[in-house]
Amino acid sequence: MDITEFDHHSPIPGTTIFDGKMAMKGYALNKMCYSFNGAAARAQYLADPEAYMEKFGLNDEQKQACRDKDVLAMIAAGGNIYYLAKFAGIYRLDVQDIGAQQTGMTKEEFKEKLRKAGD
Amino acid sequence: MDITEFDHHSPIPGTTIFDGKMAMKGYALNKMCYSFNGAAARAQYLADPEAYMEKFGLNDEQKQACRDKDVLAMIAAGGNIYYLAKFAGIYRLDVQDIGAQQTGMTKEEFKEKLRKAGD
Amino acid sequence: MAKILGGLTTSHIPAVGNAIHNGLFDDPYWKPFFDGYPPIRAWLDEHKPDLAINIYNDHGLGFFLDRMPTFAIGAAHEYRNEDEGWGIPQLPPFPGAPEVSWHIIESMVEQEFDITSCQELPVDHGFVVPMQLFWPGAPNNPDMPRTIPISANTVQHPIPTLKRALDFGKALRRAIQSYPEDLKVVVLGTGGLSHQLDGERAGFINKEFDQYCMEKIVDDPEALTKISRMELVEKAGAQGTEFLMWMMMRGALGDKVVRRHSNYHIPISNTGAGTMLLECVE
Amino acid sequence: MAKILGGLTTSHIPAVGNAIHNGLFDDPYWKPFFDGYPPIRAWLDEHKPDLAINIYNDHGLGFFLDRMPTFAIGAAHEYRNEDEGWGIPQLPPFPGAPEVSWHIIESMVEQEFDITSCQELPVDHGFVVPMQLFWPGAPNNPDMPRTIPISANTVQHPIPTLKRALDFGKALRRAIQSYPEDLKVVVLGTGGLSHQLDGERAGFINKEFDQYCMEKIVDDPEALTKISRMELVEKAGAQGTEFLMWMMMRGALGDKVVRRHSNYHIPISNTGAGTMLLECVE
């Protein structure tokens, strides 16, 4: 058996591999975002975000990223996009809103970029 | 590939194999018993067993077996011993109490049977 | 004896659920996507399968990082579609086939796949959107088959290799074919194709790679097992790893298949959307 | 480079937790059991491992039937011992080694084991009683190593085969040995030996079979892979299937081991209790 792949994740530009390292970093943030599957949790967060973040034990970096609704900062703080999508859902942001935010485009520009991928 | 074993569980006297068939039958009962990991759940059950069993959707056979604290009947109704042990815990019954009950012995007789296994 | 009729693939994007809810079938943005489905529905109408095994990937509703399985198989009487955080209307429960689930789980574990068995499992858009596309009105379509959900991990690396995914499908084929009762089965592979939601590379789509995958999966899926997982992230995008579901589906169809239908459209939401019908030969 | 020093086996009966709590070490019923541990403690004192991989089986605290994994590996910063329903005093949390956990999980999935990774996992008597036996006062023993829990399913059939369990251990060995940092590792295989808690056959113990297993596992574990799962239930009792943990442990030790210590006593509670120290040769 030749163990070849597992310990050198090749760096892909603009892409964070959500591996064990990121998982260890982001657990509290992701757990909070997972709770947003429930409508009551979403309402509770909106009513008092600081108390809700404290309850899940987020660190300062994670809290600030949430306050700023800054997706790249949330990812850097260990956030996993599958759970962050539920955070975005609270603010009715869809995947094109957060795509535009992360790439520094307007939503229209981002949609045009997607359309062009079909050419 | 020769699929040899998986669909003919050999019958072993006095032994119920907790396989898919039993699992389908006993899910509600086992889910209730799993809840007894929590002290609050145990207290709630003791305060009103009927309401608690109803909440978990137990069928009549399962309810009667619980009322009777009849371990063999609970197993026949789909109970899994790992979860039933938590039910027994509510009544401070240990594995030798329930062993004696299932084999129709006194606890002392059951302990003696165990001791003899070492000879 | 149970018989596998064929495999169906589709993307399973949440926006599709909304578009279905709002009836946007002839909307210019949506039409080229929805037009990919009627030929498959006609085939389903003709063959009327009894069981749909839906291989999808959960997106953080059914599983969390506290207990993240590599391969999970549903074994419930029904599967509830629950709120996943953004208010898509929830559908009524989908009827399961637990006695078939257990046969499959027994066989898969015997074949050395380390299954997580799920006697209760809420299902998200990854599961329900494909059902709605193939059986309009699902689960209330009169022809709606019973179902078994199978989910593979694409949330947390390490994800399974493409080879392991294909081998899973091959083992699943043996499991299904050894089921003693008559049963007509279709296997769904859902998710993908190329897309990336996160990072500065968000919005990445790779038409050329998608088309390569759609070509190779018909007659030479083994070639695709040469792709490493990091290469898959690179070429298909971070969420394009959902192509693993297609590999699992393909393995269940046997060596030879006939491609009865194929459609590819860019973009739906952030994704390259692929739809196929592969019919089994034996 | 990480190095595996050896394997430790023990039963993990709840009653032992109570006996430890009540200090019954010299009680006539308990003495022949507790006397099996000082030689292993002396060896641990000499070698001072940095990491204890504790292969145990959860008994319905960490996992329920809704999501029942075949093989689960902990990847948490700490593992809490929670109330499992009958009021054994709970211990403080055990410190984890998540960076090593992830290395192992990456390697196991690469080697085609379909792991459920657990970033949060409450641990029951199956995990904590062995820790208390080998490191008195655990987790507050000054020599207490960091730990990684690994749990295999013995609650819901199908359980893994004895061959798959041994192969799991062999893969675990490769995973540990490829960890780049210096680390002295012991692997615990806990549970068993023969016992049955349920049914008219409750109280079944099989001394002859236990002794056969304790003999074979030293130099010829492959012979034990010939035992089918139903044969294991028949000969070891319904809960004697916990012997799978011993097989997993044994696979991690390599081909040759030296038996440094062995103890067997009947009965402790309903169980034939086996204790061993197997030292790795390479």
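Each chain carries a letter (A, B, C and D) given by its place in the written order, and its residues are counted from 1.
The definition used in the following text is that a residue touches a chain if its C-beta (ideal position, glycine included) is under 8 Å from a C-beta of that chain, and two chains touch if they have at least 3 such contacts.
Fair warning: this is a prediction, and the values are worked out from it, not measured in the lab.
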Option reproducing the contacts of B-D, where over half of them reappear, out of B-C, A-D or A-C: A-C
Result of counting contacting C-beta pairs for B-C and A-C, higher pair: A-C
Centre distance in Å when subunit A and subunit B are each reduced to the mean of their C-alpha atoms: 44
Centroid distance [mean C-alpha coordinates] between subunit C and subunit A, Å: 24
Subunit C-subunit D separation of Cα centroids, rounded to whole Å: 37
Residues of subunit C whose C-beta touches two or more other chains: 65-66, 105-106, 109-110, 119-120, 156-158
Per-residue overlap in subunit B, given as positions that touch at least 2 other chains: 5-6, 19-20, 23, 27
In the complex, subunit D residues that touch subunit A: 75, 77, 98-99, 101-103, 105-107, 109-111, 119-120, 174, 178, 180
Partner subunit C, residues of subunit A touching it in the complex: 5-6, 9-10, 12-20, 23, 27, 30-31, 33-34, 36-39, 42, 71-72, 75, 80-86, 88-90, 92, 94-96, 98-99, 102-103, 110, 113-115, 117-118
Subunit D partner contacts - residues on subunit C that touch it in the complex: 63, 65-72, 105-106, 109-110, 112-121, 156-161, 164, 167
Subunit D-facing residues of subunit A, complex: 1, 3-7, 19-21, 23-24, 27
Of subunit C, residues touching subunit A in the complex: 14-15, 59-61, 64-66, 82-87, 155-158, 196-207, 228-230, 233-234, 238-239, 265-267, 269-270, 272
